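First chain written, first letter: the chains are A, B, C and D, and each begins at residue 1.
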Amino acid sequence: MSGDASQTESTQRLRDALADGRLEQWRVPLGLLALVVFLRPVIGHEFLLNYPPFANTILVWMLFAASFNVLLGYTGLLSFGHGMFLGFGAYGAAIGLTRFDLPFTVSAVIGLAVAAVVAYLIGRIIAQRGEIYFAMLTLAFAKAAHFIANQNYGGLTGGSTGIVGVLPSWIETERGVKYVAAGGFQFDWYYLLGAVFVLAALAIWQIARSPFGRSLVAVRENEELARAVGIDDKRYKIWSFTFSGVFAALAGVLYAINNQGSSLSTLTVETSGDIILMTVLGGANYFFGPLAGVFVWLFSEEFLIEFETLVLPLAEYPLVRIELGGLLSYWQFFLGLLFVISVLVAPREGLWGLFRSGIGGLYDRVRGVRE
Amino acid sequence: MIAGCSSDSDDSGGQQTTDGDTTDVGTAGSSGPDELHIGVFAPYTGPFAPWGSALTTGSELAKQDLEAEFDVSITLSEYDTETNPSAAQERIQRAVTSDGIDMAHGGISSAVCGSIGSWASDNGVPFITQGASDTLTGESCQPYMFRAYPSNTMMARAVGQPMAEEADSWYLLYTDYVWGQTAQEIIGSVLEENGATVAGTDAVPGPGNQDFTQYINNVENSDADGVAMIIPGLDARAAASQLQNRGLHEELSVMFHQFEDQVMWGLNQEAASMVDLGPTGWINTVEGGEDFKQRVTEQGETDPFSRQYMAYVSTDQAVRAAMRAGSANGEDVRAALEGHEITDSPVNDIVPNSTLKWRACDHQLIQPTHVVQARDESEMTNDPYKQWFEVSKTVAGDQVARSCEETGCSF
Amino acid sequence: MDGIGIQTLDRDALPISPGELVTSLVLFVLLAHAFAVRPGLFVDQLVGGLVYGLILVLVALGLSIILGLLGVVNFAHGAFFMMGAYLTFQVLTVWGLPFWATLFVVPVVVGLVGIVIERGVLQFVYDEDPLIGLLATFGIALMIDEATRAIWGGSPLSVTTPQILDSSIGIGVTTIARMRLFSVLVSVVVIVAVYLLIERTDFGLSVRAGVLDREMAEFVGVNIPLRFVVMFFIGAAIAGLGGVLRGAELGMDLSMGNQFIILAFVVVVVGGVGSLFGSVVSGILIGEATFLTPLVLRTLSETTNVAALNVSGIGGLMPFLVMIVVLLVRPRGLFGQEGFME
Amino acid sequence: MSDTATTARSADVVLETEGLTKQFGGLTALEHVDLAVERGELHAIIGPNGAGKTTLFNTITGALDPTAGTVWFDGEDVTEMAQEKRPHRGLARSFQSNQLFADLSVLENVRIVVQTARSGRFGLDLLGNGRAKYRDAAFEYLERVGLDGERTTLAKNLSHGDQRRLGIAISLATDPSVLLLDEPTSGMGPTETQETADMIDELQQDLDLTVLLIEHDMDIVLSMSDRITVLNQGEVLATDSPGAIQENEDVQNAYLGGMREEL
C-alpha cells in the first residue's frame, strides 16, 4: 500500500520534473550529439547503405527540416515555398564565391542576410492571411524565385544548370570524400558539418523553448486567445517566418558545400513539397520528429533505389530470393500510404510520436514486470 | 596525389574489390588493369527511361566486345539520374565512394551532365558525357569530362546551309534551358551566315512540357517558312504531334535539332514524314556498323538509335584508354584520352572512313555530323529495325567544330 | 468556419475604385495595341487562353465545391484530373471504345474513385483543421501518382481524336481547331449545369443549407452525408472530364496532376474561396493572362524597341503574379466572402 | 490626447463606451451603447440570447471593430488600438466558449500568458534566465483558481469546470485592472457555480479588480453585482443597482418577465 503511494508520488515528481523541463534540459543536446555520432556509421554500414558520405546529405536536409518545423510545427503555418530559402543560402554562397570572388564565409553571410530580408518582407505581406492563402502565397513567391533563377539574369544563377563545381578554398575533395583543410589541419568535412548542424539545431531548439518560441506555440494552438491575452500574432508570425527562412538558408549554405554548388532543384515545388512530407511524416509536434522524417524518407529512397532482390537471410547464404524490384520501385506509393495513415491517426504525431509512445509503453511494461 | 592514395579504408565492405588493387598494381605494368568498374548514368525511371535502357544496351555490347578482345573483366552498374542534377550528383557520389567505380559515362540533360561532370572532375573520376550543350566543352568544361557526341555547334553548323536552302526564314522554338538556349543562339547565327533570317524565337518551358499551343500560335502567325524545333526528347514528340494536328507540317519546313529518330517512332509514319531536316551525330541509316545495329536489335529493348551508339563509343573509349594507360587511375585515363585518334576500335567499323579524334583542348570527340530527313512514307521500313529517316548530308567533324580558341574552355 | 457557403453570384462584390479604373484602362490599351499589331495571333492566343482557362475552371470548380462545402482542401484533386486523362487513353486506345464514350465513362469512373477517397479518408477530416485535410490529400495525390506510373508507365501518352474534331474552322482573321471549340462547348455546358444544380434545384438548396447549418439541416431530415458524397462525386467527375478534354487534345503525362492542382488552387484563391462564380472568372482570367501576356509584351517590345520587355517564358509565371497582385489588392480574392478561411 | 480625455471623464470611471454600434451586414448587434464601469465595481451585463452581450465584449476588447462609437479605457480612447495591445494596458477578458491552448499543459497555458504580460512583447531569452520566474508566477495563479494540482494535465483533458477556471487563470495572468468575464459559470452545477462565484469575489478583493461580468444565473448576478446593465436587442435598457433593476418595469417586461414565462 505504502509502496503504491510512494510510487505515485515519485511518478508525480518525475512528471513534474519533466513538465518543468528540468530533466529534459539535456535530452535534445545529447540527442543531437548522438545523432551526429551514430548517423554515419549506421548509414555507412555494409548491410544498410554502405555509403558513408550520404550522412552529409542527410544532415543538410535535417537542418532544412528543422528550420521548416519552426513554421509548421511551432507556429502552425504551412509554407509551400520553403525551398526558396534553401536556394537563397545555396545560391548566395555559390554566387558570391564564383561570380564575385568573395570569401566563402562572406558569401554565406550575404546569402543568409538576403534570406532574412526577403523572408521578413514576404512575412509582412502574408503573415495575416488565412492558412490556405498563406500557403498559396509562399508557393507563388517560390515560383517567382525559381523563374528568376532559371532566367539567369546577368549570368548570376547559371540557369537550369545551376552553379556547379563550387567549393571554398578550404575544402578539398578526393574520390567523394571531402576534407576541411585549414591552418595545416585536415579533417573530414562531416565533422565541421556535424558541428554546424548541432549548433544550428540547438539554436532552433533554444528559440523554440524561449518565451518567443512558446508564444509561437500559443499562436499555433489558439490564435484568437493569443491575441486576446496580448500576443501580437502577426509580429510573431513574421519573425517565425524570418527565423525559419534564415535557418533554411543556412542549410542551403551547407548544401552548397555538400553538393559543390547550387542547383535549380532547390527552388522547385518538389523540394518544398518533399520537406512538408518529411516533416509531417516524422511528426511536427516534436523537435526530433522532422529529423526522423528526413532520415526515413532519404534512407528509404537511397536504400530502395538499387534494391532489386531481397535475399534472405543473408547475401552470402541465399535461402530465399524474392524479386521485389518491381514492387519497390513504387516505394513512394507505400510512403504516401504511411503518410496518409499517420495524418489521419494523429496528424501532428508522425513516426516520432509513434516511436516515443512505443518506447514509453515498452518502458512501462518493463518496469511493471520488474516490480 | 589525385586518386587512389588516400581513398577511405573503411568505406567499402569488401565487396567492391575492383579498384583498390588494380590501381596500385596497374600503374606499374603495361598489361592494363584486369578489372574495371564503369558506372552508366541515365534516367531509368520517368519519361526518359527508354533512353536509359538504350544506354545500357550500348554499354553491354561494348563490354562483350572488350572482354573478348582484352583480358579484362568489366562491371557495368546503372545509376538512375532521372533528369535531376541533384539526384545525379548523389548517384555519382555513391557510385564512387560506395561502389568504387573507376569511370563513368552517360547523362541525358545538360544540367545532369554538368552536375556529374563537375563532381567527377573535382574527385578525379573520368566521365564521358553525351549531353550536347556547348557549355560542357566550353565555359563549363571540366578536366575529367569528355564528350562522345557532336556538340550543338557542330550540329548547327552542319545543318545551317541546308536550312537556308530549304527556307528563307525560320522560326525557332527552343526549350528554355541551357541546351535549348545555346542551340538557339548558334542556329540563329548560322542561319544568318548562310543568308536566311530568323522570323522569331520563342522560349518554351521544359523539359517536361506537353502543351505547345501558345508557341505554335506564334509560329503559325509569323511569316516564317520553316520552324526549327530545338526541343528535346519527348517534348519534341508532343510538339511534333501538335504541329501535325494544326496542319502546319504541310505549310512549313520543319527542322528538329539534335534529331533522334526514336522520338518520332512514338508517332505514326505520317507524322514522322514532317521531318525535313535534322542534324544528328548518328542514326541507324548511317552507313556501316551493320553488325552493331543487328546486335542492338537483338539485345536491346528498342531499335538502334543514337543513344546505343553513344553508349557504345563511351564505354569502348573509356576502357581502351584504361588499357592503353595500363591503369584505371583517373589522371592516367584522362591523359590516354586527350588527343587520341580512334584507329583500332569497332567504333571505326560503325563509323567507317572517318576521322574520330579526342581533341585535347576541350575534350570533344571530333566526329562526322549528319543531316537527316524523313523518307517517303512508302519507303519507311520496320524490318529488321525501324528505318524511317536517311542521311542527306555528312560533314567531317573538324569542319564544323568550334576552334579551340572559340570554345572558351580552359582546364 | 461559420457561414461558409457556395456562393455562385455576388454582383455587389466588385466596386470599382479609381486605381482599378486606371489599371483597367492601361490593360485595355495594352491589349488593344497587341490586337492592332497582330490581330490573327491575338485571336489565336485569346482562344488558346480561353480553352486553357476553361480547363482550369473545370479542375478548380470541383476543388472549389469541395472546399466551399466540406471545408476540405483537396490536394488530390489534380490527381483526379490526371486520372481522367489516363483513363481516356485506357478507354480509347486499350479498350477501343469510341471517343464519345470517354466523355461519360471516364467522369463516372473518376467520380467513383472520388467517392472511395471521400468515404475512406476525407470524411474523417471534416471537423479538423483544414491543414489536416490538405496533408492527407497530399499523401493521396502521391499514391495516385505512383499508381498511375505503375499502370500506364512513366512516358507521356497521347490518343487520336475522332475525325470530326480534327479539322479547323475559319473565323476571318484565323482558324480554330474544332477540338478546341468542342472543349469550350463542353466546359460551358458543365459550368452552367453546376450553376443550375446548386442555385436552382432542391438538391442544391439542401446542400447549401447543410453547409450553413449542418445540424439544423439534418434535424429537418436532410441526409447530409449522402449529399456530400454526391457533391464529391460531381467535383471529381468534373475534374475527370477536364482530364478527358486536355488528354484528348494534348496527351497525358505524370506531371499534369501536380501542375494543374497548383494552378487550380491559384484559380480558387484568386476567385475567392467559396465562390463558384469567382472560380469561373479567375480561371478564364488566368488562362488569358498566361496566353496574352507574352504577346502583349512582345508587341510592346517591337513597338518601343526595348528588347528587355520581351521576357521569355513569362507566361508560366503569370498565374502566380496574378495571384500575388490580386491578393495584395483584395485579400479575399475577387469574389471571396469575409471571414472564410482567413 | 489623454488630457482631453481625462478632463471629460469622471476619474471613477475606468471603462466607458459612448455610442458603441456594431453592424454585421444588415444586422445591428449593438445600437448606440453607452456604458460606464466604475473602478472597483462588479458590473454585470444581462440580457436574453442575442442581446449583443458577447458582441459588446468583443468590441470593447478589440476582437471586433465597432461600426461607430468610442471605447474609453483608463481615460484613453482605445477604439482604434490593436486588440493584442489592450491586455498590456490592463484590459483582459475570459471567453464564453472554452478558449484554451488545448494541447499544452495547464501550467504552460498560464506561463505563456505570464511571460507575455511581463517580458514585454518579444523575448528570446536564449539564456533562459526568466523561465523559472514565469513558472513560479504562473503557479500562483493556478493556486488562486485551485488548479495547482492539475498543472501537468493537458488543458483539453480537464473537466469542464476546471477548463473554465483555467480560462479565468489565463485572464488573470495578463495582470488586468479590468477583467471581462463571459459567463464564467455556464455549464456548471449549483455547487460549482457557487464556488466560482466565491472565487470571483475573492479575486476581486485580493487583486483590486474591476469586473465586467456576463452571467445568466440571476441569483449570482443579483447577489454579487454592484450595478447591472440590461441589454436588449443591442440596446441598453437600463443601468442601475440590482434592487432597482429588479423593480424596473421595462426590464421586467422585456427580460425577467420573459424568463419567468420560459421557466
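By definition in this document, a contact is a pair of C-beta atoms (placed from the backbone, for glycine too) under 8 Å apart; a residue touches a chain by one contact, two chains touch by 3 or more.
It should be emphasised that the depicted structure is a prediction, and the values quoted were computed from it without experimental measurement.
**Student:** Centre-to-centre on C-alpha atoms, which chain is most distant from chain A?
**Tutor:** D
**Student:** By the contact definition above, name the pair with the higher C-beta contact count: B-C or A-B.
**Tutor:** More C-beta contacts join the chains of A-B.
**Student:** So which chain ends up closest to the centre of the protein, judged by Cα positions averaged per chain?
**Tutor:** Centroid comparison flags A as closest.
**Student:** On a C-alpha centroid basis, what's the spacing between chain B and chain D, in Å?
**Tutor:** 75
**Student:** With centres defined as the mean C-alpha position, give me the chain C-chain D separation in Å.
**Tutor:** Distance between chain centres, rounded to whole Å: 47 Å.
**Student:** Could you grab the centroid distance between chain B and chain C? Build each centroid from C-alpha atoms only and quote it in angstrom.
**Tutor:** A distance of 40 Å separates the two centres.
**Student:** With chain centres defined as C-alpha means, what is the inter-centre distance between chain A and chain B in Å?
**Tutor:** 37
**Student:** Taking each residue of chain B in turn, which ones touch at least two of the other chains?
**Tutor:** Within chain B, residues 45, 176 contact more than one other chain.
**Student:** Which residues belonging to chain D are in contact with no fewer than two other chains?
**Tutor:** As it turns out, chain D has no residue touching two or more other chains.
**Student:** Multi-chain contacts only, two chains or more: what residues does chain C have there?
**Tutor:** Residues 312-313, 316 of chain C touch two or more partner chains.
**Student:** Dump the list of chain pairs that touch, please.
**Tutor:** Contact pairs between chains: A-B, A-C, A-D, B-C.
**Student:** Under the touch definition given earlier, write down the residues of chain A that touch chain D in their complex.
**Tutor:** The contact residues of chain A facing chain D are 15-16, 18-21, 206-207, 209-212, 214-215, 217-218, 221-222, 224-233, 235-236, 239.
**Student:** Within their complex, state which residues of chain A touch chain B.
**Tutor:** 44, 46, 49-54, 57, 150, 159-162, 164-165, 167, 173-177, 259-261, 263-266, 302, 305, 329
**Student:** Chain A touches which residues of chain D in the complex?
**Tutor:** Residues of chain D touching chain A: 61, 63, 82-88, 92-93, 95, 99-105, 107-108, 111-113, 115-117, 119, 121-126, 128, 130-131, 134-135, 151-152, 170-171, 173-174.
**Student:** Under the definition above, what is the set of chain C residues touching chain B in their complex?
**Tutor:** So the residues of chain C in touch with chain B come to 38, 40-41, 44-45, 48, 51-52, 154-156, 158, 166, 168, 174, 177, 179, 249-251, 253-256, 290-291, 294-295, 312-313, 315-316.
**Student:** In their shared complex, at which residues does chain B touch chain C?
**Tutor:** 45-47, 49-50, 176, 202-205, 208, 210-211, 213-214, 217-218, 220-221, 234, 237-238, 241-242, 245-247, 266
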